[in-house]
Structure formats: structure tokens, C-alpha cells
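In what follows, a structure is listed as C-alpha cells, so that the remarks can point back to it.
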């Protein structure tokens, strides 16, 4: 296989995965106005739990220290990853979502990100510490027995299936009465509460569902790469997804696809060829981080609604059973 | 003040008190609102009218006192619980959901919509759509009634001040409330429409909806309120029918002096 | 025999405890400087600055530049670094933050901007100074024993600096007109606006003071942890959050007490558990406070 095809396949796979990440974040922020500044931690929890669900039992030796090791076949690890991320979201949401001000959840998420990162690194028996998990089996490849290059095609198909399902679900939710309540909460929590909506509960649902997207995306990532460690979920990773959402269009799932294409591809791939100086091995990474930060600020400044802004909902009114004359007898519409 | 509990009182406020720092915004307020009436709540600026509405609807936690709705103690309950019991409020400064269209603002209002459950939204698409059509029909009726129908697909944030007040009122009514608390619903609404609104409120009252109405225009109050509570400096100054209160010296001095 | 063992452990515990208290006082000093800076700015502007951790980092690296490259004395370097960080903080408010406030951007967007800023600044420092560990070339000074507590002269200076700064902040808030204006903006922004508080001046000053305290805190933090990377501030940020929230966000005196509490509890606990987990203790306190007293444990009523 030519290296160009290989490269394009990799890009396509990450494009699918970033779209999935993005839809979850978009549900949280774009639709509901929830600030999750450590979205990548939910990705990581999904990845780790999916990883240890798919791996053989750990041998307890070097590189083999991890929990579970259930050796489960493919569609199950992503489900476990999604559930794990959802449980973390429940805990975090319980602490952070009850407060009225959005800063509090943001503070809680920043803190949770730090803590989870430190704990996963330091407590080796969980997920093999700073070295992380490796050798996670590729989905279905025990059946196909393909080499990595050809296996790419299989994995792309898997990712596309997940992305299509994920898009279908998120679109339905966005354009349902549920999505409407979330947007009402985003605009004004008090109004939503005054209309009888349990704001905490709805925010929690949005937070959890969004985190499931993160977890499943993480599960796909570890299934693809086969490995995962704490350097895979740094703060910068969260903000690549944020930038993708803001650039593509927050509140618009199609815009999110666009953003998932533009930002990660452009930034990860575009800055890959920056020179790495011997004195500063992380110069390219640093410049990438600066660029993402700058992009966030500029997007917020000049086009906070994104390239594809949230679409206006227009109801079709033909064929309605209407209540007759204005000011007629029936004042309270039935 | 002793309060006689009428069997027909749907909202009862007893010895309510709330301070903000040193300011006693509500200072031992008691009154009842009887079912199927329009009760006016009047008083000079800063008298505590909005604070009373906030306290009843659960938006401020009171220091003391009891609020009962249809016999249930709702004191300091969460706003959404109180709303779910059928008490809907409007806000003094209109709070439209800006990036929702006028029609969507209306569609948020109905209680316990099937499609508000994410699960149902996914799997019971047809039933959800059916319910949406029903709500849509009601919403269109209300919007036509309030002359907002031509603006239905406009973002609510783009409406004029008066239109926002109308939308706020229409949205409250869309929720099919038993009791409606309206905080100056006619401020900024043109005189013709004010007249029309008065007509609707009276008619809704005749259909059994109860109103607590904060209003500055005393002739409006006189025209539609069955009973009026006068607040001043956080306390009930007087109570009765508007035409009687007009004669009361205290009320006159509170308004002119205050 | 059982009793004997316990008694011995207890006497051992007491000196361990006191040692922890000693470390705790130093951490509390660093934390107090940082927390007051964050909370003062919050009080005036009413939003959390998520780039605040990077202000500490910038301070630490500027002082590194002055002391290691320009060969200045560490305390002089600290002062210069703090002043420069104050200027940077002021500039960031004017250039980055103010345009959003002028357009009345929503709070959510403002917070996203500060987090974008944090990413930009941390990576900026890393691009310039590199990712590897740095260390000031300073002598920790003579060892001072106070009971079982052991301090270096340097650590005592840090505690002294904190006490002086807290006193200055107190005098500023209590007795100067601009300090009173800051407090009134913090207590009731609308009322302050109506009653003619010079909003722009107070806001500028808040960012200046906040930046100064952050820069200074960054240097003493770097001294205290001995070696540091560009992640210095961002890793410390949530401990600052913990102190600020414990004391009631936007309340300078609360932040001082919060810093004392968090400093003591984390360092004392580090005597008994692996010190890698002392941040977990700070986190636990943050969570408990948010769950049960989100307005802070030293305040009667809150602005949550």
C-alpha cells in the first residue's frame, strides 16, 4: 500500500473519531452551555476502560499491571468505555452542575482533569501508570488476520459505522423537545425553571450523554492505536476539540464535522513538519499549543457562532388543527 | 394580622419575610389569592412586589413565613417544582430565550412533553411528533391572539421591548397554569394592546385561571382586579377593592409621598 | 503492650504533625499570595480567569531570567518579575479581555477566552524557555529550628513576604478610596456602577494587583518546589481554586483563610500519606465545600 493511501486512511479515521468527540462536546457546550474544560479526561476514561476490557488479564509484571483484563470481543469494550465515562460524568456533574454559575463546573472540570491525570499516572495497578496500556487487540482482527496496513480499511469502516450512528442520535436529540429544553437552559436557566423544567436534571443528562460520546470516541482511539498513556490526554487535547467545535459551529452538528476536519487535521498534520530544534524538543508541540489557544481566542472574538452557525428551527404549520377565530370563545387553546 | 382561610383560596402567603443584607425587602407579609380571581399587587417602586413574586415562585429563599399553593406547602421549594404544580410566573424585565424563535419560546412551555425525555425523543419519534403538532396548534393560537404570529420565526432576541413582554405573557399562558404571577406584564405595551390584554385576562379568569398581577397603572388595576393588596416598604399597607382603596389616606400618601 | 505502642506512635505523631504544620505554613503563604490575587480580580470583574496559573508561570520564568541570566539577587528578581507580570496582566486585560466586555460577550465565551489564553501562554513559555526543569541558583540559607519545625531562612522570608502582602492588601481594601471601590464592586456591581465608582480605573488596578501577586506567588512557589517547568502554574491552579472557593469566591479575607486551611491540611496529610497525593486532599476539600457550602465556609451568605 502506498504511504499516501495509508496516510489518508489514518486521517479519515481520526476525522471520524474527532467528529464523535465533537458531537459530545457540542451537546454539552453548544446546546446546553455547559463548560467542560477537561473533555479529554472523559475520552481517556473511555479509552482506558475499553482497553482493559479488551486486553487479556494483566500478568502483574512490567507493562502488565492493570485492572479487569476481561478479553471481551469488540462491540463490548466501547460500550464499557461509554459507561465508564458516563459514570465519571455523573460524579463530576453532581458536584459541579448544581451551582448556578457556570464557572463552578468549569473549575471542577479543570480540577478533575488534574486529579485524574495524576492518579492514573501514579497508581500503576489501575492502567499501568505513566507507561500506559499497550497491545490492545484490534477489533475483529483475530478473524481477519490482516497486517496493519490492510487492517486500516476494516477499521475505517468500523469508525464510519460509529460515526453514522452517532450522528443520527445526536441530530435526533438536537432537534427534539429535549434539545429545545437544553437550548432554553443555555439561554436562561431561570426561564427554563419557571416553566417547570428541572434544570439540574437536564444539564446532567446533556453532560452524561456528551461524555458517552467522549468515552466511545476514546474506546475507538485505543482500539485503533492499540495503546494509551497519560501523555495522550493532556489539556491541549481538550482544546483541539474545543477549537474544532468553535470553528465549525457550536450548536450545529454538521458544522462540527467541518470543524473536526479543519482543526485537528490542519493543526496536527500541518504543524507536524515544523522543525524540532535539538535545544527544545517540544518546540513544535509548543507552537501547536499556542496556535490552538490563539485560535480559540480569535474564534471567540470574530466568529463565536462558527463557520456553520446553529440553524434556526422553522416549524411547518400546514395542516394544524387550529382553534379558530382570534379572540373567539376558546381563549385557552386546547 | 389574622388571616381567615377561605376554602377557595388557592394561594396563601403567611408572615413572609426576606432581608437582603440590611434591607427588609419583605417584612411579614400575609395575604391570600382566591381561586378564579385577579388579585392586584400594587405599591411604589421598591415596595417589595417583585420580591414577593420571587419568594412565591421559589426564586428567592425566604427567611421566614409560609407559602401554600392549593393547600400544599411550597415554601422555598425549587422553582421547577412550584411551576410543575401549576404556578407560572413572568419576569418584570422580559426574559425571552434569545436564540430560540418566538414559536420555540412557546413550545418550551408545555409541561412534561414526551420528547423531553432523550430516550423517547430517539425511539418514539411518531408519538413525539404528534404531540408537537398539538402544542404547535396551541402556540399558533396564542401568538395570533397576541399579534405575534407574523414574528413566529424571528429570534426572540430581535423583538421590541413590548413584544418581548407579550411573548413572556403568552409563554406563561401556554403552560396552562392554574395560577399566574405577572410582574408588570403591560409595561412597555402599547395602550390598544393593553386594553386587549385586559380583556384576555378577564376572560381567562372567567375560565378559572387565577392571577396575581403587579401593575402600576391604577385604572388597569381598577378595571380587572377583584381584590388589591397594597405593599409599601415590604409590608401590606392595605387591602380591598380598588375603588375603596383609592379613598384610603395611607394608600394615597404612600403613592404620592413614596 | 498494645497501649505502649500506641503511646509511642502518638508522641511520634505529634512531631510529625508539627513538621507538617511547618511545611503547611510555607505552602499556605505561597497559596495566600496567589489566592488573594485571583479572588481580587474575580471580585471586581466577576469572572474566573483560567489563565491565572500561567501568570504564576510567567513570574517564575521572568525571575529565572533575572537571577540566572542577568545575575541579579533572587529577591530583586522576584520584585522585578512581579512588576512585569503585573504589566502583562494589565495588558492582557486591555488587549484581550476588554474587547469582549465591550461587546457584552456572554460569560461562557469569556471563560473560553481565558482558557485559550492559558493554553497560549503556557505553550509560549515552553516555546521560549523549553520544557525541561529549571531551578534558581540560590542558597536556601541557614536552617532555623522552631520546635520540631524546620525552616530554611528562605522559607521564613517567604512567610514574611506573605504576611506583609496580606497586611498591605488589608490596608488597601480598608483605608484607601480605590480599595473601598474595589470592595463595593465586589459586593454589588450594579450599585457600584450607579454610585459612580470609576469602573475602568478599578478594573485596571484589579488586574495590576492580581498580576503582581500572581507573579510574586509564582516565584515563591518555584523557590518552594525547587525545580519547575512551564506547567508550574497550571498544575497549581486548582489548589488556588480550592483555597479561593473554601474562602468564598471573590472574598480576599476568605481566600487568606482558605489558603491557610488548604496549606495546612495538604502538608499535614502529606506526612501520613504519599505526598504525591496531597493534591488529592486539596481536591477532596474543594469537592466537599462545593457540595455542602458552595458560598465558602467562612461566609454567611453567598453570591453563588
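Note that the chains take the letters A, B and C in the order they are written out, and that residue 1 is the start of every chain.
Everything that follows uses one rule, which is that a residue touches a chain if its C-beta (ideal position, glycine included) is under 8 Å from a C-beta of that chain, and two chains touch if they have at least 3 such contacts.
Since the structure is predicted, the reported quantities are computational estimates derived from the model, not experimental observations.
Asks: Touching chain A and chain C alike: which chains?
Replies: Touching chain A and chain C alike: no chains returned.
Asks: State the chain with the largest centre-to-centre distance from chain C, centres being mean CA positions.
Replies: Farthest chain from chain C, going by C-alpha centroids: B.
Asks: Indicate the whole-number Å distance between the mean C-alpha point of chain A and the mean C-alpha point of chain C.
Replies: Each chain's C-alpha centroid was found; their separation is 32 Å.
Asks: Based only on mean CA positions, could you tell me how far chain B sits from chain C in angstrom?
Replies: Measuring from centre to centre gives 46 Å for this pair.
Asks: I'd like to verify one number: the distance from the centre of chain A to the centre of chain B, where each centre is the average of its C-alpha atoms, in whole angstrom.
Replies: 41
Asks: Spell out, as numbers or ranges, the residues of chain A touching 2 or more other chains.
Replies: none
Asks: Please output the residue numbers of chain B that touch at least 2 other chains, ranges allowed.
Replies: Residues of chain B never touch two or more of the other chains.
Asks: So in the complex, which bits of chain B are touching chain A?
Replies: 57, 59, 78-80, 83-84, 88-89, 91, 95, 97-101, 103-104, 107-109, 111-118, 121-122, 125, 128, 132-134, 136-142, 144-145, 152-153, 155, 171, 173, 175-176, 196, 199-200, 203-204, 207, 209
Asks: State the interface residues of chain C toward chain A in the complex, per the touch definition above.
Replies: Listed in rising order, the residues are 47-48, 50, 96, 99-100, 105, 107-109, 111-113, 115-124, 126-127, 130-131, 234-235, 237-238, 241-242, 245, 249, 274, 276-277, 279-280, 283, 286-287, 290-291, 294, 304.
Asks: Using the touch definition from the top, list the residues of chain A that touch chain B in their complex.
Replies: Residue list for chain A touching chain B: 169, 172-173, 176-181, 183-184, 186-188, 190-199, 205, 209, 310, 312-315, 317, 320-323, 326-327, 330-334.
Asks: Where on chain A does chain C make contact in their complex?
Replies: Answer in residue numbers: 29, 33, 35, 37, 94-96, 98-104, 106-108, 110-112, 114-115, 118-119, 122, 235-236, 239, 242, 246, 279-283, 285-290, 292-297, 300-301, 304.
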